[in-house]
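What follows is subunit A paired twice: with subunit B in the first complex and subunit C in the second.
Here is the complex of A and B:
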């Protein structure tokens, strides 16, 4: 028995030694350095990806790091690993390590010049990497856009479920309201459609009006959220869960019965306006605004309401106003995300916004972590990527993902990265001063 | 009038299913303050287990050329399915709920949801997408009483459901285990200190709920003899709504609310287009909950957070 525990502890020591060995050279690398590495990697893939893929025996560039190929044809696993190593791991690690001191210098200069310039530059670099990465295949582009939309959805649900601590199940309803609101706006005004009639305004104008459509969708979702927010004044926990669930079913049922927007057949033909730049800008905007919201006084009031409503009330927190604002705010962004979702898929039908979607968004929030912006991003990213990458497993995918989630819940009941505060300007700080200090 | 009575008969049948499933939700909630979100899928599993048991029994009787009346086979099937499915309930408690008893409540809700998905997909993966037809164990006989058509199956479903509810009531009120369950529901922090084994009580609660869901599953397949891996989802969520409507942990409330939900759905579908059924049914529930936030029979309790 003692021998076993000794082996375990030595193994653990070895593991932590290995961890420090791997991570030590990269401690000094700032985010900018990683971005440079990623940029080199995606450029490398753009130029020599196809020939390298052919050289290692793959028919085309693996879309999602080759997981799909590896699952479909296990023979190709070594070539997939070789490809990932040569295109992603090695260039990113090498460039990040080698440019550590120059990128630290650049990050330092930028940071001391104007921090917002630095932030904008980082975001632009992020977009550039994403753009080049998704340029390789349309499938990648679709997945990337869906993940970005999922980030907004997850974060907006986290505002209600994580920061305010309610168990709200109404999110698919909010998303549906936003999706239909924005779709009716764009399809009705700018597209010749056999459900909503011919276009009233020229389509070129529509591109500029698209944000208005999205905001309209968000506002409609907020108006719907009033139906959930008002009962939340007196009810909490499970009764609110049921009210929000009833709301979700009602919205779904409503759209199934509204023949004006296609009824159960759904509404299609949304113009292709939600390209990568649009979705990316909206995601950045959403994350920025929601992050500021949860870090503001109002956001702290949300936490107070969660941790003890009576105590918060005694400490002069206006609990009603707080709950109302949080619900409407979360619903607004869910609606915006719904509008984007409808224009990415270019088709909506009421069946999409059902229990399946509820399970997915809840999984993303609780997997990533409650009360955390990073957690929401990680959750949306990992659940969506897993969902796409495990596609060849067919229905077994829905055994693997729930099992993974159960394991995460048992080991870390509040999710992977819960209860953190996200500060982008701190994240992009240089890791080392030019003088060499840390 | 005949039409009305006919609707009442249909509503009683539908309400029996809702009530039986809602009891499982309500009991678990009463004891642990957690909802077993996999419960709808336990209903589905119960129906499948009932299917296999019924098929096996029929095959056995055909092999041994033993002739048993159909109703006896049905009773045996229900009892055996309840017994086997109760172990599914115990397993769910052991895997998904016991490790999370002190975690935020939402986490347990997520594990419950995920176990539900695993049960659905596992079923689909094991048995394929083929739909099974439940063997008809008893001949359908139709009686006409004053213009109202009543089948013997409907009578049987409602009677068995009421009998099971009565049995549960007796168990909870009269036995020592039932007393332990009630005590735990009263306070599950202090009562275990008095020597009541919380883990066993929780497992028992899950087992009882799963058994009732299995009975509902077999009875449901008697009325609608097509089995489908996803049949538990809508039923489960609606029964969950009924459990909430009945009030926190109230067994009587869950039973009454189950029948009420059946009545609401049937009558809405009778007078409005059937596509509006869910919309109107949920609107009614929403209104009830706004005026009685703790459900019909639930006690008002101060919001106590365990997050």
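Here is the complex of A and C:
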């Protein structure tokens, strides 16, 4: 026994030594440096990606880091690894390390000039990287947009399930309300459609009215959320979960039976207005506003209600208003995300918003981490990427992902990055001393 | 008229009469105590006045304002703060967040401020943070400011509850067994803090206690509650020597 535990502990030591060996040269690299590295990598892929892919024996540029190819043809695993090393890992690592001091200088200058300018520049750079990366294939573009939409959905569900601690199953219902609301707005007003009739307004105008459609979808979802919010005043836990589940089925069967919006056949022909820039801007806006909310004292009231409603009440917190706000606010963003989703896929049908979607959105929240903005982003990103990457496994995909979830739940019961506070301004600070942030 | 006046308050749990014909008057700045054996209904009286239960009969008036029928957060916002017998802290929140949270009713920036991070919000949040830090200083736990509350020793957790209640800027502070489960050293510190808080902030205090020493040293007036009824009321010496109290509360034999 002693020998075994000793080997384990020495192995652990070795592992942590290896970790510090790998991470040490990069301690001083600010976020800006990593962005520069990523920019170089995506540019490199843009220009020499195809020839490099052919040189290492791949037919085309691997769409999602070659995971799909590796699973389909295991023979090509070395080529995929070589490609990823040459295009992503080495350039990012090299550029990040080499530009560490200049990018620190730039980040410092920007930060001391106006921190919001620095934030905006970082976001712009993020967009640029994403734009160039998705330029390579339409598939990537689709996946990227769906992931951005999923980030809004996950965070908005986290507001209710994580920050307020109510297990709500009504999210697919909110998403459906938003998706249909926005679709009826755009398809009904700006498109000649055989279900909703001919266009009332010119399509060119619609592009500028699209935000109104999304907000409308969000507001409709919020109105629907009143049905769940009011029972939540006196009901908690399992009972509220059942009520919210009932709400989800109500919305689903509503759209199945509503022939004006196509019934079970669904509603198609949404105009292609949810391009990468639009989705990106809405995601940033959503994350910004939701993060602002959960960090304010009004938003922290959600945590107080979760951790002790009686105490919250006794400490002047209006618990009913807090619950009402949380449900309507979460539902609003779910609705906006639903509107975006409908315009990315350009088709909605009631079947999409069922138990399968509920399982996926819950998995994203609980995998990423409760009560955490970073967790929501990580959860949406990893579950979606996994879902796409494991596509060749077919039905076994739904064996691997849940298994992974179970492992995460055993090791970290509240998710990967739970109970954190997200401060973007702090994240982009230059790193002057290695003792600081690591 | 008194700051807080309770008139003929009676409460039934189903068929059980928990509180019978209870009267109370607290003047501003006064410290009053409520003692009684286990199950006498002391905490029920707290819960009735602070709005957790609604009394079956009777009136509760705070500065001409009828409290019966108001929700607990409304009563608290009017200036009636309390602590709990079993700690009710929010287990994922830091000490500073606890105290700031109790400033909820004072917030004016509204949802617009919360969503968009307006200048108004930053000003208010900073001000509330400063107030919270001052209160933590007053109860002597400012070194724990950024700790998650469950990491704190028990005595410090009690002080967090006290600081949180003080952040409401109460006119009356209800303390439900503030020294429960404390060792003699912690008990002395707690009494010192209650005295200091009373001196510096000057609010009225109404406290439930099990330890006679605490009540006798702190309170000007004491009520003794047995089976939901007040059997004696008076100053510490009166209560100490009242045969009914000695019989009901301390047992039938004479206290040595």
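Please note the rule applied: the second predicted complex is superposed on the first by the 432 of 438 C-alpha atoms of A that agree within 3 Å, B and C clash if a C-alpha of one lies under 4 Å from a C-alpha of the other, contacts with A are read in each partner's own complex, and residues count from 1 in each chain.
Everything below uses one rule, namely that a residue touches a chain if its C-beta (ideal position, glycine included) is under 8 Å from a C-beta of that chain, and two chains touch if they have at least 3 such contacts.
Just so we're clear, the structure is a prediction, and the values are computed from it rather than from any experiment.
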Partner chain(s) touched by A:316 [first = subunit B, second = subunit C, both, neither]: second
A:47 touches, of subunit B and subunit C: first, second, both or neither? neither
First, second, both or neither for A:139, with subunit B first and subunit C second: neither
Which superposed partner A:325 touches (first subunit B, second subunit C, both, neither): second
Which of subunit B and subunit C A:308 touches, first, second, both or neither: both
Which of subunit B and subunit C A:113 touches, first, second, both or neither: neither
Which superposed partner A:237 touches (first subunit B, second subunit C, both, neither): first
Residue contacts on subunit A - larger count, subunit B or subunit C: B
First (subunit B), second (subunit C), both or neither touched by A:253: first
Common ground on subunit A, meaning residues reached by subunit C in one complex and by subunit B in the other: 306-308
In the complex, subunit C residues that touch subunit A: 50, 52, 71-73, 76-77, 81-82, 84, 88-93, 97, 100-105, 107, 109-111, 113-117, 121, 125, 128, 164-165, 167-168
Residue ranges of subunit B in contact with subunit A within the complex: 29, 35, 95-96, 99-100, 103-111, 113-115, 117-118, 120-122, 124-125, 233, 237, 240-241, 244-245, 248, 273, 275-279, 282-283, 285-286, 289-290, 293-295, 303, 305, 307
Of all residues in subunit A, those that touch subunit B in their complex: 161, 165, 167, 227, 231, 234-239, 242-243, 245-247, 249-250, 252-254, 256-257, 264, 306-309, 355, 359, 362-363, 366, 370, 395-396, 398-399, 402-403, 405-406, 409-410, 413-414
In the complex, subunit A residues that touch subunit C: 289, 292-293, 296-301, 303-304, 306-308, 310-320, 325, 371, 419
